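In structure tokens below, several structures.
Shared chain: chain A. Partners: chain B in the first complex, chain C in the second.
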Partner chain A sequence: MRIILVGYGVVGKGVTTILARKYTEKVKDNGFSPKIVAIADIDGAVINPRGLSPEKLEAIRQRGYPISADPEFGHKGMPALDVIESVEAEVVVEVTPVNIKNGEPALSHITRAFKTGKHVVTTNKGPLALAMPALTELAEYNNVYLRFSGTVGGGTPMLEFAKKCLAGDKILAIRGILNGTTNYILTEMSQNRVTFQEALANAQKLGYAEREPSMDIDGFDTACKVVILANWILNKKITLKDVDRTGIRDVSLQALDEASKRGNTIKLIGSIDGDKATVKPTEIPKNNPICVSGVLNAITFFTEFAGEQTLVGKGAGGIETASAVLRDLLDIRHKLATKILA
Partner chain B sequence: MKIVMKFGGTSVGTGENIRHVADLVTEYAKNDCRVAVVVSALAGVTNSLMEVACQAKKSDAKHIEAFTKELLQKHLKAISIAIKSKVIQKEVNQITENTISELEKVLTGICYVGELTPKSKDYVASFGERLSAPIVWGALKDHKAETQCFTGKEAGIVTDSNFGEAEPLMNYTTHLIRERLGPIVEKGVIPIVTGFIAADQNGVVTTVGRGGSDYTATILGVALSVDEVWIWTDVDGIMTADPRIIPSARMLPELSYQEAAEMAIFGAKAMHPRALEPVIEAKIPVRIRSTMHSENLGTLITDADSAKSTSAVKAVALIKDVAMVNVNGAGMVGAPGSYAKVFDVLGKNGINIMMVSTAVSEANISMIIRRSLVGRALSTLEIALLGRGTVSEVTAEDDVAVVAVMGANMKGTTGVASRIFATVANAGINIRMIAQGSSELNISFVVKEKDGAAVVRAIHKEFALDKI
Partner chain C sequence: MRIILVGYGVVGKGVTTILARKYTEKVKDNGFSPKIVAIADIDGAVINPRGLSPEKLEAIRQRGYPISADPEFGHKGMPALDVIESVEAEVVVEVTPVNIKNGEPALSHITRAFKTGKHVVTTNKGPLALAMPALTELAEYNNVYLRFSGTVGGGTPMLEFAKKCLAGDKILAIRGILNGTTNYILTEMSQNRVTFQEALANAQKLGYAEREPSMDIDGFDTACKVVILANWILNKKITLKDVDRTGIRDVSLQALDEASKRGNTIKLIGSIDGDKATVKPTEIPKNNPICVSGVLNAITFFTEFAGEQTLVGKGAGGIETASAVLRDLLDIRHKLATKILA
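And now, the complex of A and B:
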């Protein structure tokens, strides 16, 4: 399977690391033989139609930016859109930075891939949060697959769990702690009694929070995930603007103390219940299985027959998210194989 | 004697060449020969027409004017050299200008609708021949020959509506050509017919695709019951090997139809098997000869019985630009349908298999495909077949070349294969894959591309093809 990797950040590097490992495993064990034929980043691209070898991928990682400086396969200044259009491949892996204003450049990358008949695996929440119903329709129309399991839960298969393992049951509602950064801050505040500002500074020091933390603490990241869950699992055609969103800036130590007295704590909960999609700090019992601490994520699916199902796991991280990409690639490969032989 | 003469793109590539063509045709016509002429487009014109049509489809109008201007200049220049008489020049100039202005309108139309259907593609492609034929006509007129110009459609070639690859309705076509061209050929008039293009029963322009103008020539040959079809080209005939690899390669004076069909893999220098079809049935010989060395009689392709040659091996070819794909798996052994799956996957993805080899052990199958398709082939085979228990590995080698050894008398001659492989072995070269069909006309095998030329030379020498 030939892959074009668009975006060479933490996740992109993770993807190359994992796929390079897969090269050396015997293909017959899993019937999967991935080849990265191109990597595109802001400065240009590295292209080898035969597939970049594990050694080459390692060399590119070691050299760092600009990636197009590769003496053998570098194409300086080649735009990612041109790479997507002109390089032969089955799948485009889109892992550029998130942009929730207009979803670009990922949105263009994804639509261009569809137009040229390429399947897409993305970990990018931006285009999905803004245009998920449009993208799924376009994918279907062009007869290609769009997979994005890395967007929710990182390496923890929250989307697949609901879609595949709970098939046949009816999911009535979804509730989850879907953002590690805010969960870390709230955990710090309640357990170590530090103020929001101190906890945020700590999170930034540890690399959990961005220098510009609004995406996390104002609940945008969680809201994006709520949109994806609503569309994919509950078939609700909503986008980011349909989510009622409140961040954690106004959560006070006092409020946490009072909750604690009741055996509860406050978490940033994203939920979908009926037609209501909400992100807001919510008081929940400390003994609720969803009540995880630190950077962990947790999600509960309320189902008609199987009751409540809760999944806990790491919600982010380069290599964890990259593992979700691998999962999606295998899924596409499996679906394609069935299709080709049909 | 009655002859159809076909002139390829290079033969009519310039004004000088067209003048030379007119010399040749009138010379034969004077010697009590009835001649019908089929012409290709000027070298490179059809390709550039297809390019500009594709650009027009993308609604890219700015190329159209520049293109048609350049095309007009190219043809006007050829006219000014090919035709001396000012009167005839003026007449042909007028035809050319009209045709190109029609082309410009067609291209603009494509540009507006942003669509290039196989139907309109054929229409655009037809302009190459429509522009070249009047020049040849003018040049012949200039030589005081009686001549008349026809498009394939006017001549009576009727095809199905499979645009781009149309198949003639042979009997109807024969009927019409006899009616339209027969009488004038008998009168000694030389008809000039555009190659490659025809029309369906509704009069919509089609092209015959593979085989192109050669096909037109053989169709015409059969319909007019000619004695021979002559394909005038830029090579002396069909050679024992590519003269760029073996300078001492010889021209083959005679070949059977089957041999010529096998040699289609020599590329454009030989005839496409499809173009030979009509004449095989009618047993009309085809001669391939060079406009540059018109004193040479070239290669005569004829009915096998009359091809009297004793040598088993007649030619050796090197086919580059290929790749070998290997599908391995012990699970394929004894499993009905496992090869079918491999072929099916490639076929559904539009990948043509040129050569196949598999041993009775059944544990692997090797295929030769075009090199440009190897990435797609490998990827699709892996996606479809790996991890299902039958196929364990798919690999590809793209540094290979096919060597094909051909000759009708190889059939039934013992020891040919052993001589071939001993020769390769003595050259210290490893063979990667072998195939011989039961027709025994051809043994093909695969070696590393870097060894290809050496193998061809060694075999050429072993079978003394330079003394054939």
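And now, the complex of A and C:
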């Protein structure tokens, strides 16, 4: 399986690390034999149609920015779209930064990949949040797969769990703590009695929150994940604008104290119930399994037969999210193998 | 898919309820079309080679014991082994009571099914705890599938999660609260400061504990589940005697109080770490996701890339456990479909 990696941040580096290790494993999963034939970043690309060796991947990693400075395979200034178009490969792994205004550049990368017959694995919520119904249709039309496990839960397989582990059952509703930054802030406020502003400053100091924190604290990130869950798991055709969204700026210490007196606390909950997709600070019992602390994420699926199922794990991290990319690549590999048989 | 149901307790009834509903669903999963052709219980059997109708299943359920009194299809006194041997079917669903002394009658039911070329779905921990390496080998030898999702976690898909959602990753260790009765008792002791004996009596009153409670409180039930996890997920060839097992009889209020001062509590933890399989009361932090209350179960998988993944749900219940049987039937159906293609 030849792979074009687009984006070389913390997730992209994690992908090269994990795949380089897979190269050398003696027993390959289902005959899965990945080869990274190109990496495209903002400065240009490195391309080797025969596959970049683990040693070369390590050298690129050591050198860092700009990757196109590689003396052997560097292509300075080559746009990612040209790499996607011109390099032969089966899959494009899209891991550029999230943009929820217009989904770019990821949206163009993904559609270009589709048009040139390439499957796409992405960890980028932007294009999905803005245009998931259209993108899944476009993938189908072009007869390619679109996978995006890493967009929800980081390395925690929330999407796969719902798809693969609840066969025969019916998922009636979904509720989750889907953003680690806001969960860290609310945990700090509640456990250490600091104000929202102090907790936010603390989160920024620790690298949990961005300098421009609106994406997290205003609930956009959670809303993106709600869109993806709603489309993929519950077959709703919605986008970001359909989510009723409230962030955590107005959660007060007083409200947290009062909740605490009732044995509860306040968490930023994303939920889908019937046709309602919502993100808002919500009071929940402290002894509910979904009530996790710090940067952890958690999701509860309400099922018809098996009751409430809650999955907890880290919701972010380079290597964790890269492990979701690996799962998606294996899933595509498996799907293709079955297709060839059929 | 023709099914022989062996055992007609709370899980068996749940299976007929769920499958009767599946009969009438307009869109069948993957062409899955289940038919219960026989039910065998202690008193005899009901058999209809063309499949028992939903109305007939409901009538059997209403009448209750003895099921063989059915005027149309009843076979009074017919042993389950004869039913398994003589009735044509693809799958035997084995849901008789657990016996960890010699695994009977389930062990004979399962081996007889294998020898007559029938796949087996069971929720019965006994045979697996005593002879899992031999049973999986026997299934392979006879070219049939053995599935047992309902033995661990009730309706919570703990086994499937590990098998299907962590592809490409490596599970390094497993730790779980796998028994609801002991978790209820320890929760009561810790939260309401009642003694072990009082909490046990309470659990018995509520139907959470048996009159003969050793299976639960001495850790046998948890140890059975540890054996199944070790064999199925981590490929260890162990049986019940290989588990280092301590129950909760000696957990004192004082020990719980002292743990609480450290922000911890004591839970009955089943774990597999390297070659060590252990069941014992263990002090764990209250804010760890595995630290669930009441009759809930929880399991944490420690993975190489994706970090710690915790799954929480109800660990028992008739309809919940029956939903695990349905998942197993769908899995076999899917495996057979792929096999025919290959």
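Heads up, the rule we're going with is that the second predicted complex is superposed on the first by the 336 of 342 C-alpha atoms of A that agree within 3 Å, B and C clash if a C-alpha of one lies under 4 Å from a C-alpha of the other, contacts with A are read in each partner's own complex, and residues count from 1 in each chain.
The definition used in the following text is that a contact is a pair of C-beta atoms (placed from the backbone, for glycine too) under 8 Å apart; a residue touches a chain by one contact, two chains touch by 3 or more.
Every value quoted in this text rests on a predicted model; they were computed, and no experiment measured them.
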First (chain B), second (chain C), both or neither touched by A:R2: first
Thinking of the overlay built on chain A, is A:K164 touched by chain B (first), by chain C (second), by both, or by neither? second
Check whether A:E88 is in contact with chain B, with chain C, with both or with neither, and answer first, second, both or neither. first
If you stack the two complexes on chain A, which partner ends up touching A:I233: first (chain B), second (chain C), both, or neither? neither
Chain B versus chain C as contact partner of A:A199, first or second or both or neither: neither
May I ask you to decide whether A:F305 touches chain B, chain C, both, or neither, giving the answer as first, second, both or neither? second
Identify which of chain B and chain C touches the larger number of residues of chain A. C
Taking the superposition on A as described, I'd like to know which of chain B and chain C A:P49 touches: first, second, both or neither. first
Touching chain B and also chain C: which chain A residues? 29, 341
Mind pulling up the chain C residues that touch chain A in the complex? 18, 22, 29, 154-157, 160-161, 164-169, 287, 289, 292-293, 296, 298, 303, 305-314, 317, 319-320, 322-324, 326-327, 329-331, 338, 341-342
Counting only contacts in the complex, chain A reaches chain B at residues 1-2, 27-33, 35, 37, 49-50, 88, 90, 333, 336-337, 340-341
For the complex, which residues does chain B have touching chain A? 341, 344-345, 348-349, 375-376, 379-380, 382-388, 392-394, 398
